[in-house]
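The following pair of complexes shares a single chain, chain A, combined with chain B in the former and chain C in the latter.
== the complex of A and B ==
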C-alpha cells in the first residue's frame, strides 16, 4: 500500500483469530492439562439464608483419589476478607470465597473438594455432610431495606449504600410545570448475558518459589490480582494471570476472583499441585454473577406545555445480591448517562443499594447504565402517551440536539458527539415507519395488538475510575489507563502486546490494523499476542476487557507504542543510512518491511534494524544506546477527580449511541409476543473495523431481545433459583431471534485520537425498544408496561387485569 | 463408590482414526473426545443438551456429545471439528463461517459447523427456516445469529459448486 492514502483502519478485514477458531484449534483454558493436575468441585448451599451448624468431610476424605477438602473457616484463618469498595455500612461486610459461618444465597460455595479426577471430585462432594439451620430469606431489595432479617450482621443493615444525586432547581421546575406525570413503580429485572463458556480456573501456589500462577478466563485480571493479593496477603508481583481464547464474558467473568482464591489455597493445601476448577452451567447460573436488578419508585416528571421534560425526581433501589463484590460501583456508574439522550437539566435521584439472598451481581453487559436508560425511555413513552404526543415526536422535542455537542450533562459528564435525530430518521426509513403505522391502524381495527417502539440508548465507554470516589471518598482510584508494547523482535518481527483480555472482540486484528498504518506495512506482518499475561508487563491497574473501551484505551495504547517504536526506528535508520530523519519513509521492499532514505536511495529492512540493536550492537554509536526497539507505552485518559460532594465531573470519555425500532405483535390467544420487524442503527464514531462493529451490534441486540422476552433469573419467595439450567433460563436461540436490519452513522469523537468510540455493550437498546413496542400495543387497554421482562405469562396476567393497571400506577396532573 | 464401576472396553473411529480404549461407564462421549483423545475443539457449554457446543457427527447424525455415554459410541464413526479440514485446507463450511464473520469468541462455532454439515448433507438449498430449524439446538451468545445464517447460506452455495 506504499504511496497510497488508503489506511488499514476502517476496513472490514477478516480477523487474525479466525483460522485457529475455525479449525477447532482455539486454546480455551479448559483445554489445558498440566502435570500432576487436580480437580476441584464445590459443595454449595441449598439454602438462600442459613446458619452452618456443622460440616463433616470425613467420608469424602476417605474416598480413594480425594486429596483434601477446604472449608471457609480454614480460609478465614489464613486470609483477609476481600476488599470492599463501599464505605460503611457496606464496607463492614466480610466476604470470603467460601461461606464461613452462614450462607447467604442458594449456590454459595461452602466446601471445596480436591481430587485426582473430576469424577472423583464429584463423588467426594456428594459425600460431604453439612447441617444447616434455616434463617428467614430476603429476596426483595425493598423488603431487605426494612432490616427485618439481616444478611451481614457485621454491617448491621442490609443497606449497602445510599446517595442523592441532585442537579439544577428541581422545585422551581415543578412549580413551573405545565403538567406533572407520576409513576408509582417500575422494575428492571435480573438477568445474565451469560457467556457460553463457563468460568474455568487453573490455579497453582508453587511452594518452590511461593508464586501463584493462574491459567483462567477472568476478563479483568488487573482488578482480580488487586483483590487476590490483598486477600491472600501476597506480593502482587507473585501472582501471574494468563488468559487465552475466552468463550465470551459480557462482564460476568470479571467477578471470578473468589473462585480463583479457592484454587490457589487448595493448591497450597495439596502441596502445590495445580488445581483445575471447571464451572458447570448450573453453577454458573446460580452463583457466578447476574446483572443488577433495580426498582424505580415514586417517579415524578415535570413537563412544559410542549411536552419537553424539565425535571425528574425518583427513588432507585438496586439489588446487588448477597455480596457487593464489584459493587457499589453500580450506584454511580448509571450516572455516566444521567440524562440519557435528553436535555432536561433538573433532577433528583435518591439511589440506594441493598443486599438480598440471591446470587451476587456483576458488571453485566450494559452495566448499571442500561437500567437507568430503560427507566428514562419508559418515562419518555409514558409522558408522551399521557400528553398525546407521538413517541417519535416526543423524542425529537427532548433529544440533545446535534449542534449542542460536546454537551455537558447536569452532573458534569461531557458527551463527545452524536446525532440522535439523524439516527431516528434512518431507523424510521429502514423499518418503513409510515407503512407500519398504517398496518398497525388496520390491524387494530381487527382487534390485533401490534405495537411500534423506539429505544434510544447510550454505550458510554472508557470510565473515569474517579467515580468510585463518589461512592467512597476514600477509594484510591481515579482516571483510566491501558498499556501496550510494540517491538521489533531479534529477527525483526513486529510483535504487539496489549493489556486487554478479549473474548471475541477481535483485538488481535484491530491492534494490527492500527500498527500497520503507523508503519505502513500489511497487518499480516504483525503478530499480536493472544490473551492477557501479567508477565508481558504491559498491564496497568485498569487492564482487562470491560466497559466498551478497547477502541479508545486499548488502541490508543497500541498507537502510542507503535509511534514510540517508529520514532526509535527512525533515529536508528537515520544513523545507519546516513541521512536525516525527515528523509526517511516506511514501507515494504524486496527484503520485506523496511525504512528507506528518499535522499540517497539506501534502505534497511526490519531484520537489519533489529540485528543492530539486539545482536550486533558494537556498531551502534553511544547516543543511540537508549534505543531498544522494544517500546512500552501507557496511555492515560485525560480525566480529573470528580467533585465527590456535588457528585459532579466527567465520568466517561466517549458516548456511542444506538437507536432501535421494533414492531411487536402480542397474540390475542396465547399472549406470545412476536417481533414482526426490527431495526438497529448504531453510531460509534470512526469505525476501526466495520464487520466487527456490526457483529457487536447484532450480538448486543440478541442479548437485549433475549433479556426482554426470554431470559430472567427467577427466584421463588424463599430464594430458590428457578432458572438454574439453560432449559429453564432459555437463552435466545436461532429460532426466536428475528432478522435485524442494520444501519450506521458516524459522528467522530473529538475525545479519542482516532475519532473512535468504545462500543460493544450496546446499552441494552432492545430491552428499551421491546418494552416500548409492547407498551404501544397495550396503551389503549390502559395496561402499563411496568417491568423490563415480559413473557406470555406476564402479558396474560396484565391482559386479564391482574397486574400493570395504569390507573393504579400512573397519575397525570395538567395545569396549563 | 468408585470401585463399583468396571471399566468397559470400546472401539470407535474418530476423524478416520480407530481408537481402542477402556472407559468408565459414566464417562460422556464429550469427555472421551476432549480428555482421552485430546480433541479439544469440541466444547461444553451447558449440562442439559441445550447449547450444542458439544455437537459432533456420530454415524452420520449430529449428536450432542454431552448426552451420549462413551460406551454408547462403541463401534461408531465420529467426526469432530478437527476432522473437517482436508490436508490443511478449510472445509467449505469453515471457509463460509470465516468469510461471513459467523463467529466471534469461537466457542460455539465447532458445534454449529457440524450441525451445518448435517443440514447440507440432506438439503443443499436450505431456506431461512430450514437453517434456523437445523441449528435450533445450537446456542451462540456473541453473534446474534445474523452472520451465522449468512454463513450457512454461503456454505450451501459453496458446497453445491464443489
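== the complex of A and C ==
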C-alpha cells in the first residue's frame, strides 16, 4: 500500500492476538512449569472477626511432601507492613499478607502451606489447626462507624477517611429553590468481576543473587512492585515482574500483591525454590477483591421551576472491607465525575470510608465513579418523577450542553468533549422510544409492569495521580505517564514494547495500527510485545492496564516512540541515500518496508538501516553515533497538582460517555424482570479500532446487566460470605443476555493526540439503566428502587410492600 | 481444591462394579458422570477412599423403546437424552434434559447418577415422579425393580444399599390424550433451579381425567402436590381450577430460604410456574407440539 493515504487507525482490523487465544495457544501463568517448583495453599479464616489464639502446623509439616509452612508472625518479624495510602487514622492500619494476631474477614489467609504438589499442599492445609476466639463482627459500614467493635486497634477507629467536597453556594441554591426533593437512603451493592482466570502467582526469591522473580497476572505491576519493595525491604530493581496473557482482570487483579509477597517469602523459606499459587474460584470469591459498596444518606436536591437541578447535598459512606489496600483512593476517584453529565454547580458531598469485616475491595471496573453516577441517575429520575417531568426531558434540561465543551466542573475537572443530547436522540431512535411508550401505556392498562429507563454515564480515563494528594496531602504521586519502546531490530524487524498488560483489550493490534501509520507499513509487519516485564525497561511508575487509559496513555507513548524511531531512521537514511530529510518518504518496496528519496530515487530497506547501526557501524559518520534505532519514549499527561485544600483540579484527561436505554418488564406472577429491548450508544472520541470498541461495549454491557440483576456479594449478619461459589454468585451467561442494539457517535477529544478517549470500563451504564427501567415500571405503585441490585425476590418483597416504600424514603417540598 | 487421595477402579461390567463395591466396603463409591461427586470431593465434603467408575462399562448407556415403555441405561448422559429422537416421544423428558446446567455438565452427567444422588434441587426426580417410572437396580444379591415413588426417602438418601446400583430407568409411555410439561426458573445456566414444576395431565376432551403434579426445589425431597391434582382431576381446567391448583401448590411447598430466594417468594414462584406448566401440558395433551424453555433471569 505504498503511497496510499489510507490510515490503519480507524479500521476494524481483526485482533492480532485472536489467532493465538482462540486456538488455545495463549500463554497464561499457570501454563508455566519451572524446575523444582513448589505449590502453595492458604489456610483461611472461617471467622469474620476473631483473635488468633494458637496455630499448630506440626501435623501438616509431618506430611510427606510438605516442605514448610509460613505464618503471619514470621512475616511481621522480617517485613514492614504494606504502605497505607491514607493519612491517619487510616494510615495507622498495619496490613500484612497473612493475619498476625487477629483475622478481619472470612477467608483471610492465616497460614501458607508449601508442598511438592498442589494436592499435598491441600492435605497440609487441612492438617493445620488454628484456634480462634470470636470477636464481634461488623458487616455494615454505617454500623462500623459507631466504633462499637474495632477492626484495627492501631487505628483506634473504623473510619478510614472523611472529607467534605463542597463547591458553589449550596445554601443560597436551597434558599432559591422552587422545589426540594429529599431521599433518605440509597445503596450501591457489593459485587465483583469474575475473570475467567483467577489470580495466579509464581514467586521465587533466589538466594544466589538475592533477586525476586515473579511470573504472575497482576494487572498493575508497577504499583505492585512499589508496595512489595517497601514491604519486603528490597531494592526495587531486584524485583522482576513478568506477566503473560491474562484471562481478565477488570481491576480485581491490581491488589494481588499480598499473595505475591507470601510467595516470595515462602520461596525464601523453602531455599529459593519457585512457588506457585493458583487461586481457586471459591478463594477468588471470598478473598481476592470485591467492588466498593456505598450508602447514600440524607440526599437533598434543590431544583428551579423548570426542573433544573441547582444543588445537591448528601452523605456518602463507602465500605472498603477489612483492609484499605488501594483505598482510600476511591474516596476521591468518584469526584472525577463529580456532577456526572449534569450542569449543577452547587453541591456538598460529605464522604466517609469505613472498614468492615468483609473482603477488602479493589478497583473493580467502573471503580468508584459508577457508584456516584448511579446515585446521580437515581436522583435525576426521582426528581423528574416527583416533578412530573418525563425522564428524557429531565435529562435534556440538565445535561451539560454540547457547546459548553471543554466543560469545567465545579471541582475543576475538564470534560474534554461530548454530546449527550445527540446520544439520547440516537438511542431513542434505535429503540423506538415512542413505540415503546405506547406499548407501555397499553400494557399498563392491562396491569402489566413495563418500565423504560435511561442511563447516562461517563468513563473517565487517564488519571491524574495527583488526586491521591486530595486524600493524603503527603502522598508522593501526581500526573500520569506511560512508556513504550520502538525499535528496528538487527534484521530490520519493527518491534514495539509497551508497559501494559492487556487482558483482552487488543493492545497488540491497536499499537500496531498506530505504528503502521507512522511508518506507512502494514500492521502485520509489526511485532508488539505486551505483557509486563520490568527487565524490558519500558515501564514507568504508572504502567499497567487499568483505569481506561491505554488508548490515551499507552498509544501516546507508542506514537511518541514510533516518531522518535522515524526521526532516527530519517537522519540515517538521509546520510545513506545522500539526500535531504525532507526528500524522504516511507513506504514498502520490492524488498519490504523501506525509506526512499524522492529526489534521487534511491532507497534503503529496514534491514539495510538496521544493519548499519547494529553490525556494520564502521560506515557511520560520527555525528550519527547517537542513532540507536531503539527508542524509548515516555509520554506524560499534562496535569497539575490539584489544590488539595479546595479539592479542586483536573483529575482525568478524557471522558468517554455511554447512553443506554432498557425496556424491562416485571412479571406480575413471578416478579422476574425480563429485558425486552436494550440499546447501547457510546462515544469514545476518535475510534482506533471500531471492532474492538464494539466488543468492549458488549462486554461492559453484559457485565453491567449481570451486576444489576444477578451478581451480589452477600454476607450474613456474622460475616459469613453466602455467595462464594458460582451456584450462589451468578456471573451473567449468554442465556441471561438480551440482544443489544449498538450505536455510536464520535466527539474527538482535544486532550489526546489522536482524539481518542479511554473507554474500557464503560461506566457501568447498565446498572443505572436497569435501575431506571425498574423504577419506571414501579413508580405508579409508589415503590422506590433503593438498591443497585434487584432480583425477583427483592422485587417480590417490594411489590408486597415490605420494602422500598416511597412514602418512607422520598419527600418533596414545593415552594413555587 | 484437590480431593484427598483415593484409589480409582474401572469396572468392566455392572456386576463387577457391585462386587468391587462390596469388597472395598463403606469407603467406596460408584462414579458415573462425576458432576455431583467430584465437586464434593474437590471441596473435601465427601472423601471416599475408592471410586469405582461405571463410565467404561460397555452397554450401560442406551435409550430404547420396548413395547409401551422407554428404557434408559443408567449411564445415559443428559445430553444423549436431550438429543434423542426416541426420548422425544415424551417431550417432558426433553424439557428436563435440555435444561440441566450447561453443555459441559450435560455431556458428563447421567440420569442414573442424578437419581442416585437425590439432590433436593435435581431435575430428574421431579419430572420422572409425574411418570410411571421404575428403576431396575442391581445389588450383591441380584436384581430388583423398584418404583421411583418411594425410592428417594430424604435429601441425598435413597433406598439403595451401599453396594447397589441403578442399572436402568424405565418410563412407561403415557396413554394418548395425556401431556406433560416441566418448567423451572433458573437464574443462570450453571445453577440449580430456584423452583420447578412437573405436570402430567390426562384429558378427556376439556375434562381432566387424571393429573400428577410435582414441585421441585421446594422441599427436602420432591413435593407431590396432591391438592393441586385434586383441584384439576375430574374438572374442566378453567381459571378457577387453575387458581385452586396454584393455591394448593403454594401450601404444599415447603422451601428453604437461600440465595435463590426467600420462603415466601419460592411459594409464589412455584404456583406461578404451575400455572404455566398446566397450560403447556394441556396443549400437549391435545397433541400440539410445544417447545418450552426454562425461564432464565
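Just so it is clear, the second predicted complex is superposed on the first by the 815 of 816 C-alpha atoms of A that agree within 3 Å, B and C clash if a C-alpha of one lies under 4 Å from a C-alpha of the other, contacts with A are read in each partner's own complex, and residues count from 1 in each chain.
The rule is simple: a residue touches a chain if its C-beta (ideal position, glycine included) is under 8 Å from a C-beta of that chain, and two chains touch if they have at least 3 such contacts.
Note that the structure is predicted; figures quoted are calculated from it, not measured.
By the touch criterion stated above, A:193 is placed in contact with chain B alone, chain C being left untouched.
In the superposed pair of complexes, A:634 makes contact with neither chain B nor chain C.
Judged by the touch definition given at the top, the superposed model places A:699 against chain B, while chain C stays out of reach. Shared-chain residue A:64: touches chain B; no touch with chain C. Once the two complexes are laid over each other on the shared chain, residue contacts for A:674 go to chain C alone; chain B is not touched. In the superposition on chain A, A:246 makes contact with chain B only, while chain C stays out of contact range.
In the superposed pair of complexes, A:123 makes contact with chain B and with chain C alike. When both complexes are overlaid on chain A, the residue A:792 reaches chain C alone and has no touch with chain B.
When the shared chain is aligned, chain B and chain C each come close enough to touch A:727. Counting the residues of chain A touched by each of chain B and chain C gives the higher count for B. Chain A residues 119, 123, 280, 282, 726-727, 731, 733, 735 lie at the interface with chain B in one structure and with chain C in the other. Note for the complex: chain A touches chain C at residues 118-119, 122-123, 126, 280, 282, 667, 669-674, 709-710, 714, 722-723, 726-728, 730-733, 735-736, 791-793, 796-797, 800.
Residues 1-3, 24, 26-27, 34, 39-48, 50-51, 53, 80-82, 84-85, 90, 94, 97-99, 101, 103-110, 113, 128, 131-133, 135-149 of chain B touch chain A in their complex.
Chain A makes touch with chain B in their complex at residues 14-15, 17-19, 21-26, 28, 30-31, 63-65, 119-120, 123, 127, 193-198, 245-248, 250, 280-282, 503-506, 691-692, 695, 697-703, 725-727, 731, 733-735, 737, 739-740. Residues of chain C that touch chain A in their complex: 1-5, 43-44, 102, 185, 187-192, 194, 258-262, 264-265, 268-269, 271-273, 275, 295-297.
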